[in-house]
Amino acid sequence: MYMGKVVGSVVSSQKDTSLIGRKLMIVRQVDSNGDPMNREEVAADTVGAGIGEYVLMVRGAGARHSLDGDSSRRDVMDAAIVGIIDRFDK
Amino acid sequence: MYMGKVVGSVVSSQKDTSLIGRKLMIVRQVDSNGDPMNREEVAADTVGAGIGEYVLMVRGAGARHSLDGDSSRRDVMDAAIVGIIDRFDK
Amino acid sequence: MYMGKVVGSVVSSQKDTSLIGRKLMIVRQVDSNGDPMNREEVAADTVGAGIGEYVLMVRGAGARHSLDGDSSRRDVMDAAIVGIIDRFDK
Amino acid sequence: MYMGKVVGSVVSSQKDTSLIGRKLMIVRQVDSNGDPMNREEVAADTVGAGIGEYVLMVRGAGARHSLDGDSSRRDVMDAAIVGIIDRFDK
Amino acid sequence: MYMGKVVGSVVSSQKDTSLIGRKLMIVRQVDSNGDPMNREEVAADTVGAGIGEYVLMVRGAGARHSLDGDSSRRDVMDAAIVGIIDRFDK
């Protein structure tokens, strides 16, 4: 699971049908100080995350198991936001 | 899911039979400013993406679930273009 | 399997239901000298690891096979701490 | 799918039985100019690729679906050459 | 599949039960000149590799298919040594 910050979203009208109706957020990976790393991904939001929030992100099959996913049907999604981070305890 | 820009295609006459008839595009990964990262892959196009367009790309099992894929039969494909990006909202 | 050091934990009240009740630890990857690498992840602790301890960490499907996981039910977890490292023998 | 150049092979007499009889080629990843990247892997050749040729390479489950693989039996292979690149069209 | 050199092992008394009895070796990734890369992992040895030897290493599901693994039962292992490299042919 990676820590990230939501920095925006992508608009795509022509896409795989399994992506229709999903919120596709741009997530920039961060470390546990909240400092940005040089890596951005697009993840399906499953927890109502807004721009500027710190989030937990999963990749691969885990993403198709998320609340918004359905591992039993065809689904191209390979990244999902699965939690909003309230606080880093260090 | 990664953001990328289609920069070309590869021609391969000798290949796995599951790749026959597929458009194999060269995709350069980009960030949400559209700036290129130092990473290129070959992905099967499933949405009619053209050279120069910004696209959404998935890897792994997700790619075999794409419109062009068939997760129930033998398929070596591990990367697919699954959407054309109209706009980055930031 | 990666070697890491537990550096903290994340608090998340809004998250996928499959993550409820799990200890989500921040793990910084290390090499076999115990020196930190520039990579942090959040992993579910399944062995009672505490902050400052060196641990073994798995990713992907392996994480859903851990003691704390359940590969037969819906589970978004894609990283788990599966051992505490007593010693590096070199 | 990655682009690579075959630079050699490995000889291994003591190995997993699922690897016996396979051609294990050393592949150096390249970009679409044919320039080498700093990454080498060992992949099972399934298309008769020779040293010096540019190839398409898949990783993970896709490799076990290749012509040389058998996804229904035990197989440790996680990388395969699945095509010979005739030409980069840019 | 990656090329690596065995540089040591880890001792872990508190660990997932699926790891009990396994030899957990520290493997440093190398290129085909045998030169070390900046990446170390812990892999289950399935071929009797000793410290200092060059080895073939697999990741992910492939590792759970190795001689020492059992893809049909619960197993957290995500990396395995599956061959000893006698020689790089270049």
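Per-chain residue numbering starts at 1, and chain names A, B, C, D and E are given in the order in which the chains are listed.
Criterion: a contact is a pair of C-beta atoms (placed from the backbone, for glycine too) under 8 Å apart; a residue touches a chain by one contact, two chains touch by 3 or more.
Not measured: the values here are computed from a predicted model.
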| item | value |
| --- | --- |
| Neighbouring chains shared between chain A and chain E, ordered by label | C |
| Centre-to-centre distance between chain E and chain C (centres being mean Cα positions), rounded to whole Å | 19 |
| CA centroid of chain C to CA centroid of chain D, Å | 31 |
| Residue list for chain D, restricted to those that touch at least two other chains | 60-61 |
| Chain contact topology (line, ring, star, complete or other) | ring |
| Order around the closed ring of chains, commencing at chain A, then chain B | A, B, D, E, C |
| Residues of chain D touching chain E in the complex | 7-19, 24, 26, 40-43, 60-61, 64, 74-79 |
| Interface residues, chain D side, partner chain B - complex | 1-3, 31-32, 46-48, 56, 58-63, 65-67, 71, 80, 82-90 |
